[in-house]
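Quick heads-up: structures coming right below.
Paired with chain B in one complex and with chain C in the other, chain A is shared by the two complexes that follow.
== the complex of A and B ==
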């Protein structure tokens, strides 16, 4: 009797937890198929009209492409810079290396709003016009600490002899990094890259404050929301969610599956 | 290819620690040299200096007649085989072995063919498309050897390469290393702390201790005619009997010891001719003891001794003996496997004169 109670209680608990996490998403996705003008109950019937509307909306599609480009480019730059910084700090004796590590990771603790305001001031001072480039710069600032931390933590001392062997066989510093170090660390570099992509993809405050005419998807969705609730926002939200899930699935299948094996 | 190596007065100091203390060494082209010593003796430091991974605080390194003291590893005609193999985990074996050739700008097809040749040399041709994690320790070892040899170095440096293998595999790899070295003719400099391994593979052994070279010569010389007390003790079990030189008579010297006066021929003094009054240490290997009457050639009797303990080792009995004339001395001797050995037994002990080595006594050094 007691066993049954515990079992029921734990199932109920698990159900509540998953409900709490996923109910909003489920509701969002459900009402993106709403046959009617309002994304609220009751559910009137199944329709794809709002997806049609999303794909027909030039501005939304442009924002989607912008988001994609900003996420990929800023993540590439953040990974490259993070890798170089990690390599330098893991392999060379640099002055104040503990302090330098701290400085590199510090932006993680600063709120996006503060970073955005700081960047805005700097950009204004230098007379740089706001664009997707400035959004990208902002995203590099927030993702670089993450990329650095992930890549640095995977640079073990056991790699030192392998790099030394490469150098002994005639490789210069660039070739050692490109042909030996980076491929050896590829699982963590890819993990850093994909995490960085998802963060950039979702990011709103920096993208909002540092862009002007061309905007990213979260900013476009926000301006849609200002004109009231609409199943179209549900449809685009579902699409964004689908992309994130796809990235995660790819990560899980290719990277984490691989590291478990070896 | 192959080249001679010379080290002139190399000294390496890390802070307050002297890892290498004025070491000079001449290695001939095509030799298999083993640097032997306990951990911290400076053998790995010497190897790093030969490979260019460290530069000496003082002194010079000459390889193939050229001064290499400040030349970086990549520019030296040396390659190093690392203790942990240091294979590239993300590359197939053929790409691991071909890496050095790739760095030298060789085209893909050509270097693949050469890499296959070297994998064949170490018996792994059929595994060319595998990755290192699919191999056993001994196989990784072989790939590391093939990779280091593929760039055709003049000198191959081996940093305790067999340390991680189990005993049986280690013996097998020793034979293979020796055979491969004979085939390619490259000068090998091999670091180890295992004296059996050193004797099994070396043309000449360099015995090192506390940053200095204690002894240098072919394995049989080092074992039979050591030139330092440390070297005698490190190469295998040995009995040390202290004594004092009384006087010299023609071609021999009379040494006063606790087991009686022993007249030793001058060639027993491997380091130099003795002078009267000099303190010496006599070194006698356990297998050199004989029962008086069984020995051949000129022998010296050490008087009677009592067996205080014995154990059967297969090839011999290992016995602890207490000489009657010096009860506080404990001697380890090997008796033939067919011998009748019992505790408390009293034996007349003797040694072939030619088997005794006399070295100047050292105080404060082990």
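== the complex of A and C ==
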């Protein structure tokens, strides 16, 4: 009897928390289909007009493309630099390697706002114009520690012999890295890449402070918010959410599903 | 441990591999930070940045109520959010780890963090839809005749806290679950054998063993929460500003970079103090 009671209580509690977690998202998606000008009850009927408005909005579409480019390019750079550094620190004995690791991880412990403000001060001092490039630089700063940490921690000593075999057979360092080390570490390199794409894609404060005319999607959505509650904001928000979930589902079913089985 | 034998050329090569990442971090993180720290010691008067070194900005912070209130507001909100999030997330993580059948656990966990994938800015906005004067909660309550006037639940501290807790419950459920699932069932068996009931087992065995995980999650919550500008800006109204909002105010309207820099250093110090306070537990995790 008591078991049944705790079971009921457990599922009631879980239900409540799941309700709390999903409430705003459900409201967001539901009222993106609102046939009317306010994304709040009552729900007047089903309409796709706000999605049409999103696709017709040139600025929003440009911001979407910008976000995509910044996320991909900054993540590629972060992964490449992180991989090279991890390779050097895991495979060679360098003086002060603990200090170097600490330095590479350090940006992780500082608020994005402070990183952005520091960069802004320097860019202003040297008179460098703000652009998507400066946003990208900031995003590499926040993602490099992540990529380095993930790739470094997966570089086990058990890979050394395989690399040594490749070297004995005449491969130089770059060949070893590209043809032996990187393929062996592919799961963690991909994990680092996708994680940093997610972070860059969603990052607001650095993108806000370090951009001027061309902006990323979160910054463009931010300026949409000035118009108050607006079903168009619901539509672009739902769109981003549904696409992310779809990508996540595909990754789960292909990439991560496979590694789990093996 | 086997390492490749080093000659000078090898070492030079290794430096070549690590140099790009180091240079990037130094050029775009360390140098900017030092610049900012230096700038916090300058001041701004009548539109000009005065390059005289002093601690005026820091004195002003402690003297001006409007600035100092930012820190206390930040600390209060962050502490409330951290405690509430841990208290709400722990039972959920426990239920997923203990009550949900093994093959559904991964699904239950993915569902619990699914709203992570709404855009960060949009997540706060969607709480506005729920909480505002004509939002879902007010309209629902009024339809059922439970209230006649809309409740003021948006644009204040409560709304900020709700927005934050929503995000961090997801995060903490994930970290606490990861912690719970690692515990060997033998601990519980041993406690039961020694005559402990469920509550005693939890209080004396499970909770202490998961404390490092909780503290790590709580520290992460603290750091992310105290540095956030978006959630309080969208949900908090303009009455009780938090430190990041005040920093942004210095940048925008007043273009007072030195003051913004000084406030950022203070924000960093707050995080450092929190780290020192939690370090005891955070260290256990690493060992």
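For this structure, a couple of remarks:
FYI, the second predicted complex is superposed on the first by the 261 of 262 C-alpha atoms of A that agree within 3 Å, B and C clash if a C-alpha of one lies under 4 Å from a C-alpha of the other, contacts with A are read in each partner's own complex, and residues count from 1 in each chain.
What we mean here is this: contacts are C-beta pairs under 8 Å (C-beta built on N, C-alpha and C of every residue); 3 or more make two chains touch, one makes a residue touch a chain.
Nothing here was measured: the structure is a model prediction, and the numbers come from that model.
Annotation for the three-chain superposition on chain A: chain B and chain C fit side by side. In the superposed model, chain B and chain C sit 100 degrees apart as seen from the Cα centre of chain A, a figure rounded to the nearest 10. By the touch criterion defined above, A:144 reaches chain C but does not reach chain B. In the superposed model, A:253 makes contact with neither chain B nor chain C.
Of the two partner chains placed by the overlay, only chain B lies in contact with A:186; chain C stays clear of it. After superposition on the shared chain, chain A has more residues touched by C, the comparison being chain B against chain C. In the superposed pair of complexes, A:7 makes contact with chain C only, with no contact to chain B. After overlaying the two complexes on the shared chain, residue contacts for A:99 are found with neither chain B nor chain C.
In the superposition on chain A, A:65 makes contact with neither chain B nor chain C.
When the two structures are aligned on the shared chain, A:178 is found in touch with neither chain B nor chain C.
In the superposed model, A:23 makes contact with chain C only, not with chain B. Once both structures are overlaid on their shared chain A, chain B and chain C have a minimum Cα-Cα separation of 6 Å.
Counting contacts as defined above, chain A residues 164 meet chain B in one complex and chain C in the other. Chain contact summary for the complex, chain A toward chain C: residues 7, 10-11, 13-14, 17-18, 20-25, 27-28, 31, 38-42, 81-82, 84-85, 87-89, 91-94, 100, 103-104, 106-107, 109-115, 117-122, 124-125, 137-138, 140-141, 144, 148, 157, 160, 164, 173, 202-205, 209, 217-218, 221-222, 225, 229, 233-234, 236-237, 240-241, 244-245, 248, 252.
Touching chain B in their complex are the following residues of chain A: 158, 161-162, 164-172, 175, 179-180, 183-184, 186, 262. Here chain C touches chain A in the complex through residues 1-4, 6, 10-11, 13-18, 20-22, 24-26, 28-33, 35-36, 39, 88, 91-92, 95-96, 99, 110-112, 114-115, 117-123, 125-130, 132, 134-136, 139-140, 166, 169-170, 223, 226-227, 229-230, 234, 244, 247-248, 251, 257, 260-261, 264, 267-268, 271, 275, going by the rule given at the top.
On the chain B side of its complex with chain A, the touching residues are 51, 53, 72-74, 78-80, 82-84, 86-91, 99-100, 103-104, 133, 147, 151.
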